[in-house]
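Next come two complexes, and both contain subunit A; in the first it sits with subunit B, in the second with subunit C.
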Partner chain A sequence: MVSLTLKGAASRPATAVPRSGRATPYLFLAPYLLLFVVFVLAPAIFGIWISLHDWDYLLEARPFVGLDNYTALLDPASAVYADFWMSMRATGIFTLFSVPFLVVLPLGLALLLHRPFRGRTFFRGLFFAPYVLGVAVVSLMWRLLLDPNLGLVDWLLGTDIGWTTSLPWAWVALVGVTVWWTIGFNGVIYLAGMQDIPRDLYDAAKVDGAGKWAEFRHVTLPGLRPVALFVVTTTILASANMFGQSYLLTQGAPGGETRTAIYYILDQGLSQYKMGSAAAMSYVLTLALILVSVINFRLFRRRS
Partner chain B sequence: MKRYTLLAALAVVFVAPLLWALGTSLKSQSEATRMPPTLFPTEPVTRAYGTIFEGTTQTPVLRWFANSLIAATLHMLLVLAVSSLAAYALARLEFRGKRLMFAVIVGTLLVPGFVFLIPQFLIIDQLGWLDSLTALIVPGAAGAFGVFFLRQFFLGLPRELDEAALVEGANHWQIFTRITLPLSKPALATLAVLSFLANWNDFIWPIFVIFSPEYFTLPPGLSILQGAYTIDYPVIMAGAVLASVPVLILFALTQRYVIEGISRSGLKG
Partner chain C sequence: MSLESLTRRRALGLGLGLGATVLAGCGGGGGPKQAAQQSSGPATAAPTSYTGPTVSLAFWNGFTGGDGPFMKRLVEQFNSAHPNIKITMNVYQWSDYYAKVPAAVSAGRGPDLGIMHVDSVATNAARQVVLPLDDVATSLSLTEADFSPPVWQAGVYKGARYSIPLDVHPLGMFYNRTVLSKAGLDPDNPPKTGEEYLAALEALKKAGVQGHWATPFPFTGSMQFGSLLHQYGGRLFADDAGVSRFAEEPGVQALTWLVELVNKGYSPKNVGQDADFIALQNGKAAFNWNGIWSINTLREHKDLEWGVAPLPQIGTEPAAWAGSHQFVIFKQRRPDQNKLTAAKVFINWISGHSIEWAKAGQVPARKTIRESAEFKELKEQAAIGSQIDHLYFLPPVAGIGDASAVVDQAVNAAILLKKSPKDALTEAAAKADKVLEQNRKKYGA
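For the complex of A and B:
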């Protein structure tokens, strides 16, 4: 292959766009494509196939059941109905309460770090630091901090709240910990967006006698629109994907109220091995996410 | 001055929990459960670290540490290798179906990862990779982010050097290894750190594909540790510290790359 491309390239010395032997591009792509086909494309299709079967990992027979796994999710009399929709509700509640905080608070953080000042890089790194820790470390640490008997948080507040075991506190804990953990990530994205707003827009605003608020309202916010769309979209996706915090911090307590959809789906599919039903659930959740994303894009477009 | 007061107050919120975890890991068990709680140990002891370094067959913590290091390093190298090769083809070479291929690869970035987990589990099972580090190293490298990220970077590199090299008779392998890769060190460093971090911290995948304690990595291991040492908080926090220190050091050394990489993924994503 090497000598072939060498000749091919050398015989066309003057072409502006480098040409190559026919096999060359595919040889460069082959290792990645092999992984992509086996671990992304195949699962995407195989997953649909699984969802059409009564697929129990531990059983030999995996009869085809058509859409039964899907219709069961809509049938209040089925075994999975109540638990599945309770978990969808939990994901919905978490997303509804975490997204606004994760969209607005990082913007404030980014404003604070936008203009150059001494120690700016240091503080930026500090606020981002929790994000480089994994969900396991973060959840375990906060589980102890929020412990109803020995936790530092209850002691500081002078309260006696079961942060991980009672409602609505479990939601406050899950949202609060997630905000603490990921605020730096969204903050950094806003910061980069602010850096891209042309300086002369700010200068023009100054000439017009705009105050700090007017400047923020009429220059910074409109300039951040595309970045904000990205932040909102990825934050909704990330919140809807929430698993680790619920698994480690509240363990779904109380009574499964904080068990998210992913938690329930993976428990059904990979712990109880009812894979057909779990696969169907994951597609229903995906459909819900697509709907939310479409609405989100529409809203952003209308306002622009 | 007002700015620094606010920043300092925020800094406390972000740092105090981390210091508290470190402090707790150095407390005796009685001090860790004493009320009122202390932020720092009055008499620091290293017992908790002794316990986790010694380990048990159910909680071989040092083994988990080694597994995490091996899995994250090999995963990172695999991501760099396959992503840079594919990105070069997508940025620099012409071939049939290129646009479609790129669209399909990038399109998967929009599909939430959980959809793949159950079929991936079955595929890993067929390959005989369940309950092995291979299951933690290889499948994640199929992710589209690295290819997308490097392609964007390669597109920004000047073509003149490639063309000059072609005129001199170089082939694409030589251009890739001697021109493109050396010019892309910042992007490769960013991708290296991001993929290392993601693998090191991964929790959801290892808890389902690894069953034997000796193949666990630290994140699923920590949840085992919590089960085994329920109220021995110093031991649990020592485990958390062990899982945090490498990534915090890595982040401190490569902050610029990590933050720039994430910024760029936001703007061009």
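For the complex of A and C:
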């Protein structure tokens, strides 16, 4: 390292104090890299190893089974096939319906909260407030409010909809509760993004005779692109990892149809101690998410 | 059967080696590990007293509800009565507990003793989290006759005992006396048979009350299904858990009976989690088949008039679901004979004082206490406890919970009217059989 620094110094005018060598960026990265390797990369690779075995960390026998855990996921006669794909479908449905709402609604909210008006700070706090609650609090509260026979929501609407027990209403409830819970988070990100768009762009647009809509389309939206990419990506990943809401609000009802992939994987791995199978499922889910993320990045790049 | 033969059979038959033999004081040598650990001293020390140096034991359980303070008080009493044993109790949510304990044990930081539900004992025995306790039973001179056969047998896995029963917590029929009176029914004489029960539901319906809310969720929908299935003479699984049997005729009858409650308007559709129990309390339902642990919750409602009775006999024989809390001793990296002896003293003492535990809303497993005048004074507990000879438990097979979770989904789909009882059960049986086969391969048949 020392020699690297000296070499770097030598190639510069003698008066300049050497500030960095070739190793410097890596040294700055090192603390995070170490954590990343120990807590993310190594377990991820170890997970591949686990997925090739019948793995239970407490049993001495952990036979190597090759790709059996993966082929079981593709074999309709296996014990896991039906449940696994039903859970993947549940995750897909939830992601498909929650992401648009969680991307568009917070944007509208942020636009409103960006305008100057009395009590703006109060409303900013108000919409963000649910996000500070834990998933257990949110789900338990809504489970009672949405109870099909005793809940306040049905009583107010004068209906007897099975919000937590029947389809498609359980999806409406899960998506609705999630939107209510996390809208503030995405809203705050958008808001921060809007505050970063230079005012003079708006002034220039006005000079060019742009109306409100044109300002939004040609100044606000392009200005938010990097923020939107972040919001879309994290929202997709968060939705695809949904677990707590369906675990507490519906308990997978009816008949396991709202049991998400993470929920099922957790059950396989930590309740049934079939960690090899659970690891294989995780990799299939990861692969699907990588695919979605790649498409997402491509779309955003094409637009710019 | 002598202790020796039990120990040897276990060691040879299971290859369990490690845990199985830590306690074995007088075994005949069943492998190098056993031989190595035998030097730790005889395990047949006097069980009711401990005279060694002061030891402290970690005691973990999941008594997070109203039962926690009762156990805590018992532990405090024990500590003050035994100056050289200090028990520290840690309480976790049961679901966390079952994930934490095996991890802690495998890291060598496990607690000394704890409580497990009876249907988790076999799995944890197979995974070598808990130690065999045959010698505890022997040295405490506990036998089947001290308990009831199904409760006592439920702690035996592959010929070895792994747990000592503390209590049983059966399902009972809770009822709202005010609601029954309003419908012209006698609250002092709740229904005992299927016919009486349906007649009561019909009367309630006429009075505008949906009497029995059929919940599709495991708590307690699956328990009601299991109780009815056994009442119709069925079994959830074959005794050796080789195959599932819940899709046979008794199972279909049982689930159909529950679904009919919805179809006939005795229950609303789409009953949510816990809604059945809430409905009992706010007078929207008359009956709720729930666990004995509900007693203390209902007592908190000062203005609620309620009672509890054994489940009505709907099928051909009486039967009720029950769980059971059982004492287990966890495997340690370095077995400490003093701690083991102290743990035995503790188990024996708590078991002997389980009348206090009964007040937390439990039926003591120990027969002498169950039959004591003091227990009979606990009217509600005693009413539910009268079902003791008709309780069923899952076969003590490793991973049985994985297969019974499949039943939960079938019950859920049928009561929510998504599938017919027969279809739901038949599909679930095919899946459960595959799970059982997987588990046989994993844990060894």
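Convention: the second predicted complex is superposed on the first by the 259 of 304 C-alpha atoms of A that agree within 3 Å, B and C clash if a C-alpha of one lies under 4 Å from a C-alpha of the other, contacts with A are read in each partner's own complex, and residues count from 1 in each chain.
Everything that follows uses one rule, which is that a residue touches a chain if its C-beta (ideal position, glycine included) is under 8 Å from a C-beta of that chain, and two chains touch if they have at least 3 such contacts.
On a predicted model such as this, the values are computed, not experimentally measured, just so you know.
> Check the residue A:L102 against both partner chains and state whether it touches subunit B (first), subunit C (second), both, or neither.
neither
> According to the stated criteria, A:A173 is in contact with first (subunit B), second (subunit C), both, or neither; which is it?
Once the two structures are laid over each other on A, A:A173 reaches no partner at all.
> Based on the superposed arrangement, let me know which partner A:A90 touches: subunit B (first), subunit C (second), both, or neither?
Touch partners of A:A90: none, neither subunit B nor subunit C.
> Looking at the overlay, what does A:T24 touch: subunit B (first), subunit C (second), both, or neither?
Touch partner of A:T24: subunit B, not subunit C.
> Could you tell me if A:L73 is touching subunit B, subunit C, both of them or neither one (first, second, both, neither)?
Touch partners of A:L73: none, neither subunit B nor subunit C.
> Thinking of the overlay built on chain A, is A:M194 touched by subunit B (first), by subunit C (second), by both, or by neither?
neither
> So in the superposed three-chain picture, is A:L289 touching just subunit B, just subunit C, both, or none of them (first/second/both/neither)?
first
> Using the superposition on chain A described above, determine whether A:L270 touches subunit B (first), subunit C (second), both, or neither.
both
> Which touches a greater number of subunit A residues, subunit B or subunit C?
The larger set of subunit A residues in touch belongs to B.
> For A:L150, decide between first (touching subunit B), second (touching subunit C), both and neither.
Once the two structures are laid over each other on A, A:L150 reaches both partners.
> Need the overlap of the two footprints on subunit A, from subunit B and from subunit C, as residue ranges.
On subunit A, the overlap between the subunit B and subunit C contacts is residues 57, 143, 150-151, 270-271.
> What part of subunit A is in contact with subunit B in the complex they form?
2, 5-6, 9-10, 13-14, 16-20, 22, 24-26, 28-29, 31-33, 35-36, 38-44, 46-47, 50, 57, 109, 112, 117, 119, 121, 123-130, 132-137, 140-145, 150-152, 155, 180, 185, 188-189, 191-193, 196, 227, 230-231, 234, 237, 240-241, 243-244, 247-248, 262, 265-266, 269-271, 275, 278-279, 282-283, 285-286, 289
> Please give the residue numbers of subunit C that touch subunit A in the complex, ascending.
Counting only subunit C, the residues touching subunit A are 99, 102, 106, 123, 126-129, 213, 216-217, 268-273, 275, 278-279, 282, 284, 399, 401-402, 405, 409-410, 412-413, 416, 418-419, 424, 431, 434-435, 437-438, 441-443.
> In their complex, what parts of subunit A are in touch with subunit C?
Listed in rising order, the residues of subunit A that touch subunit C are 54, 56-59, 78-79, 82-83, 143, 146-151, 160, 162, 164-166, 251-256, 267, 270-274.
> Once bound in the complex, which stretches of subunit B touch subunit A?
My answer: residues 3, 6-7, 10-11, 13-15, 17-18, 20-21, 24, 32-33, 35-37, 39, 81-83, 85-86, 88-90, 92-95, 98, 101, 104-105, 108, 111-123, 138-139, 141-144, 147, 159, 162-163, 166-167, 169-173, 175-176, 197, 200-204, 208, 218-220, 222-223, 226, 233, 236-237, 239-240, 243-244, 247-248, 250-252, 255, 258-259, 262-264, 266-267, 269.
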